[in-house]
Amino acid sequence: MALATFSEALDFAISREKEAVAFYRDLQRIAKFASQKELMGEFEDMERGHVTLLEGVKSNQEPARLSTSIPSDLHLDDFLVSSPPTEDMTYQDILITAIKRERKSAALYTGLKADTDDRTLIDVFSRLIVEEENHKDYFQKLYDRDIQSAN
Amino acid sequence: MTQMPDREKFPVHTGGVENFDLESGRYMKVWQGPQHPGVTGNMALELVTSGDEIVDLKTHVGYLHRGFEKLMERRKWIQNFPLVCRICVPEPDFNEYLYAAATEELAGIEIPERAVWIRTLNLEMARLTSFLMWLGGQAGAFGMGTIGQWTVTMRDFMLDLFEELTGGRIYHMYIVPGGVRGDVPQGWFSHVLTTLKNVEKVLDDIELVLFNNAVFKKRAVGLGVITPDMVDYYGITGPNARASGVARDIRKDRSYLIYDKLDFDIITGISIGVDSDIFGRTRLRAAEMRQSISLIRQMIDKMPEGPVHVSPPNVLHWKIPAGETYLSAECTRGEYGYYIVSDGSDKPRRVYVRGPSYTHAVALFEHMAPGTNIADTAGLMVSLHTYPPEIER
Amino acid sequence: MVDLKALRAEMDKRYKVIEISEQRTDLAFLECDKIDVPDAVAYLRDHEGYVHLSFITCVDRLEDEQFEIVYMLRNHEKKHDLGVKTKIDRKNPVMDSMHNHWAAVATYQRELREMFGIEFPGSPGVNRPFALESWAGPPPMRRDFDTRKYSEETYFPRPGRETHDPAEHMKKTQYPGRADL
Amino acid sequence: MSIKDIIAPFAVWKRAFEKPWTIKKPIDDRPGADRYRGFHKNDGDTCIGCGTCETICQNAAIDMVPVDGVQGDGGDSGLRPQIDYGRCCWCALCVDICTTGSLTMSNRYVWTDNDPDVYRFIPGYDSKEWDNAETGYSRPEGYSLLKEERVEMPALSVEEGLKSFVEMIKGYSAEQAVKEADRCVECGICVAECPAHMDIPGYIRAVREGNIDEGMRLLYETNPFPASCGRICTHRCEEVCSIGHNGDSVAIRWLKRYIADQVELEDYGKALPRPEENTGKKIAVIGAGPGGLTAAYYLRMLGHDVAVLEARKAGGGMLRYGIPEYRLPYDQLDKDIEYIRGLGVEIRYSINVDAESFKNLEKDYDALFFSTGLSDPYKLGIDGEDNPRVFGGLAVLDEVTAGKDPKLGKTVGVIGGGNVAMDAARTARRYGAEVTVLYRRRVVDMPADIEEIEEAAEEGITIIPQAIPLRVEDAADGKVGFVWNMAEMVDDPDGGRPRPQPIKGEIHTFVCDSLISAVGQGTNLPYLPEESESGVAVKRYKPVVDERGQTGNPGIFAGGDIVNSRKDAVSAIGDGHAAALSIDRFLMKKEA
């Protein structure tokens, strides 16, 4: 897949975030407990926020609104394994899923960045990678604090 | 802003009893003091004179009453430690030692050996310092103020040593229940030895100009004689008793602290060949100053190493088993003592402080003054070495 | 060294000794009946070598409604101190004067009258104030005289002083939500 | 009288030619001695505002006052000493007793001013020229007015301890307890740190004065689990103890235990108050752990009827199923629970509450308190975790509680650094296994109590820190292999815990008979209805409550591990107590 322009690249990114919104929304339908739904709802809202951010970047042609600083990685995603969503998903399951999703996105943009020579696009993809890394870091921190409290 | 008490609350004093017919024109009443009857604190002498001869003397204290004994009943054992030194300003250390030692005795605390040595050293330095102040006062009382300046200077150098050791010049607050507050600072012993040399030099000068002094001899020889038979009846202790030839010195008689490990003899009027008058007592005290210097040197020589403090139980809750004790020590004026009663609580039940001036300044002085010249009153009083703050506490 | 048993035996022959107890080898306390004290002290002075009077003082045994008067005697020969104690009624505090025993006794008695309100009939000048000229309050060394209360009523505190208890302060500032439960 | 007596006095004249001794102050400076007790200094960062200086000051010269910019938390009262130099006598007892050593004195002694009020100042905060003076009095080495060493607690030797599940700690004798209690300065700094805000200085005073009944009464004012807490409390109080700054902190936990140990259950009633007159209100409590039973106790004391619903067969929650017997013998836990039950609290066991019954309880009772704890262990979340040789830490402890041998084999690896990990490791050790604990961070980062870590080490348990779990795989002879990556610690730029980062190539395999995973616990709150139905909001798996445990529904309260961040027994007890009082206020329409 080759994306030719800045707008195309952002449209793609926006569509992925929208897909994430849908993912968490769908997840809430299968969830069994109020506590699960609450967390999924929170993540859904967060993804919706990302959509808004990217749409803003696109309409104002302002990639600089995206952060460029890569967080120091906890590398939890290197060894955590996610399982398919179920109605009994725990806090831990949901977080692992979220971490893995963000990792996948970052990997996707890394591939796209390698595929293009356009400097504007390289810049956009770099920033999107950072953005996804940041999201991943956010989830990893939650995981480290709430799930790995004793490890 | 400090508020003054409401004077309306106090009744007007309505006088004592007059034994002399002042209307007759034969007598005159003179108040000497309360400011400076000597140099050692506020005390008033109510004199009845006939011509320049004293016919009656009443000692009035009350200008320095701070109620320490009462205050101590309302404070925890440790909290009295900063109070006691104030009972006798020129010689605070005896109060600190006796309070601490009596407390330790009642509480059953043994203190480390080095602390005992440092305490003894401290007391001898206090004796020397106090004698210096007294010697200036004695000379001053007979008009020889120069000597007072010399001794006060030397006393200040002694106070420098106390400051270096204890952190305070006058109120040392150093001998604390459990030992002493801190070990001797580096180099302090050599400072002590240097100062002792200076003191000795000044002492040489003083002995030259005071003991070979026509004026002093004229006035002091034969004045204020204490005879040995007066000693027990008037409760005379210390140099006042020793000058009359009575060999009593608690340092020898009871060998508290480490005095039994030190080489010294009781100095009496007989042993140094002086009479029991003001001149003789002055010489005897000068000899005791040299004795203290010798004791300090001995102690610096032999001072053992080791810890200087054992901590009592948490001082905030420190309760001392019920009991009572009386401890005394030989201060410059004689028998200084603490009688402490514990009822088992965290505060003393009773602390009674026995200062030697109590008997010397009242019963003895009132007895000795009549018949002397009014000009000699100050000299006579100083020769009994009275410190008013320890009388009324 | 003093043989306390022997001393007690001698005293028992003459006076009613209530108790004799040793605090140190050089210090003992001997409790007598009030009525015996002047004679006992004179006996100790004249026959047992206790020639020196260190002090006379009083311990207020408020709870027992008694004053305990202590005469501290010293035997120079035997290097021994002996505290002769006696208890008197706190409500009617009168003690026989011993001003003839030693010169300083009158002074001690004067002070005891002033500080504890103990009467010593016949003691010279006993009613003259000692350290407390113009004092109008109760005898101040009595334990029921509250110095703090007296000073609070008589003097004004220095304004502007206020303190906080750490635990109470922390309650208000660090967990106010649960503090008032 | 000789001629010499006339001549000699003239010798004084020679002094006229000597240098004077006097110093021209202030032209010549004359500094105080090195240990001069001059004007006070206070190091504000070290000072914790414990007020012991004020307590010892016999002149009443010191006030403890709040200071701008000093927030005060975690063992700092936020107060600082203000000294009135109109009263101070420079005895330095305040310096001697200062628990942190923050208070010292400079060697400065000259300060003149027209305004007498300036002599009342806050050292270290009201800037003074001697603030940085290098010399002056400070507490000398080897001299102390407080006892800095804790009375040693008699305990079984390691060898004896490993032989059985008999309680390791024997408890203080009366003499030891009084001696330890004597060390307390009663500053009260600990009270704020204790999640239950127990009157610690009060009950320590009771021990010191030998008044056990008073001690019991004070314990039960805020904590109905003294026998248990006296053994296993995480004792945050001791971490902030003012005595701990220059010595060992007071053994607050052991003193609490001492009090509870002195009284037989039958005699509790003699020391403790009886419940108030019946109010006719009914409250249901879900979960018979420390949080639930605490709420039940205080509600009962206030005269309410309380029913406690518990899913397990016995009460105590984690105290029973998560803590091994050698730390907390069951009879001691039962003693605490029995007393509460004996007051008329009804405990129904083996009752599982689901969303439906939750809604019914809300209808049937006047108020509801739930404190169900974190019972579901989190997974390692790594490959191969479903290996049959991998066990959960809680599951192992649970089995042991039920009296079963967990059959862990000769070598055991424990993953995790919390108390569950330590308890599981030490339990495995008692079944004769060689035990190794693998933890992702450093030993200092371990959330387990320091005593647990130390005792585990004493019992011969090896700890491998900085081991990041990678995967679990089968190993030869039916063993299991735990693959881990050595980590280096990197500071968190946001100030959080240092982050373990894998070191490339440093991959190791630990082979053992059984692997115990104890990395943390959570819950799904399966019984909790949607917020729209119950009024109880949830945020990241925690019911949303105010400081007193009240949820969005004014009649429903929650507490314990599911709510607070400390997740220990005493926090649950604190929550239970606060919720009980707050429920009472709600039910009885009491004004705040």
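In order of appearance the chains are A, B, C and D, and numbering begins at 1 in each one.
To be clear about the criterion, a residue touches a chain if its C-beta (ideal position, glycine included) is under 8 Å from a C-beta of that chain, and two chains touch if they have at least 3 such contacts.
In this text the structure is predicted, and so the values were computed from the model without any measurement.
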When each step joins two chains that touch, the fewest steps from subunit A to subunit C total 2
Contact-pair count is greater, between B-D and C-D, for B-D
Per CA centroids, the chain at the heart of the structure shown is D
When centres are defined as mean Cα positions, the distance from subunit C to subunit D in whole Å is 49
Note: subunit D sits from subunit B at a C-alpha centroid distance in Å of 54
In whole angstrom, the CA-centroid distance of subunit A from subunit D equals 39
Note: subunit B sits from subunit A at a C-alpha centroid distance in Å of 87
Residues of subunit A that touch two or more other chains sit at none
Listed in rising order, subunit B residues that touch 2 or more other chains are 1-2
Two or more other chains are touched by the subunit D residues 86
Touching pairs here come out as A-D, B-C, B-D, C-D
Given the complex, residues on subunit C that touch subunit D span 158, 160-171, 173-175, 177-178, 180-181
Touching subunit C in the complex, subunit D uses residues 49-51, 54, 62-66, 72-73, 77-79, 84, 86, 117, 120, 187-189, 191-192, 197, 201, 546-548, 574, 577-578, 581-582, 585, 592
Seen from subunit D, its contact residues with subunit B in the complex are 1-2, 4-6, 8-9, 11-12, 15, 21, 32-37, 52, 55-56, 58, 86, 89-93, 96-97, 105, 116, 137, 140-147, 179, 182-186, 208
Per the touch rule, the subunit A residues reaching subunit D in their complex are 32-39, 42, 71-75, 78-81, 88, 90-92, 96, 141-142, 144-151
In the complex, the residues of subunit B that touch subunit C are 1-3, 5-6, 9-13, 16-17, 60-62, 65, 67, 69-71, 73-74, 105, 232-235, 237, 248, 253-254, 323-326, 328, 335, 337, 339, 341, 349-350, 352, 354, 358-359, 362-364, 367, 391-392
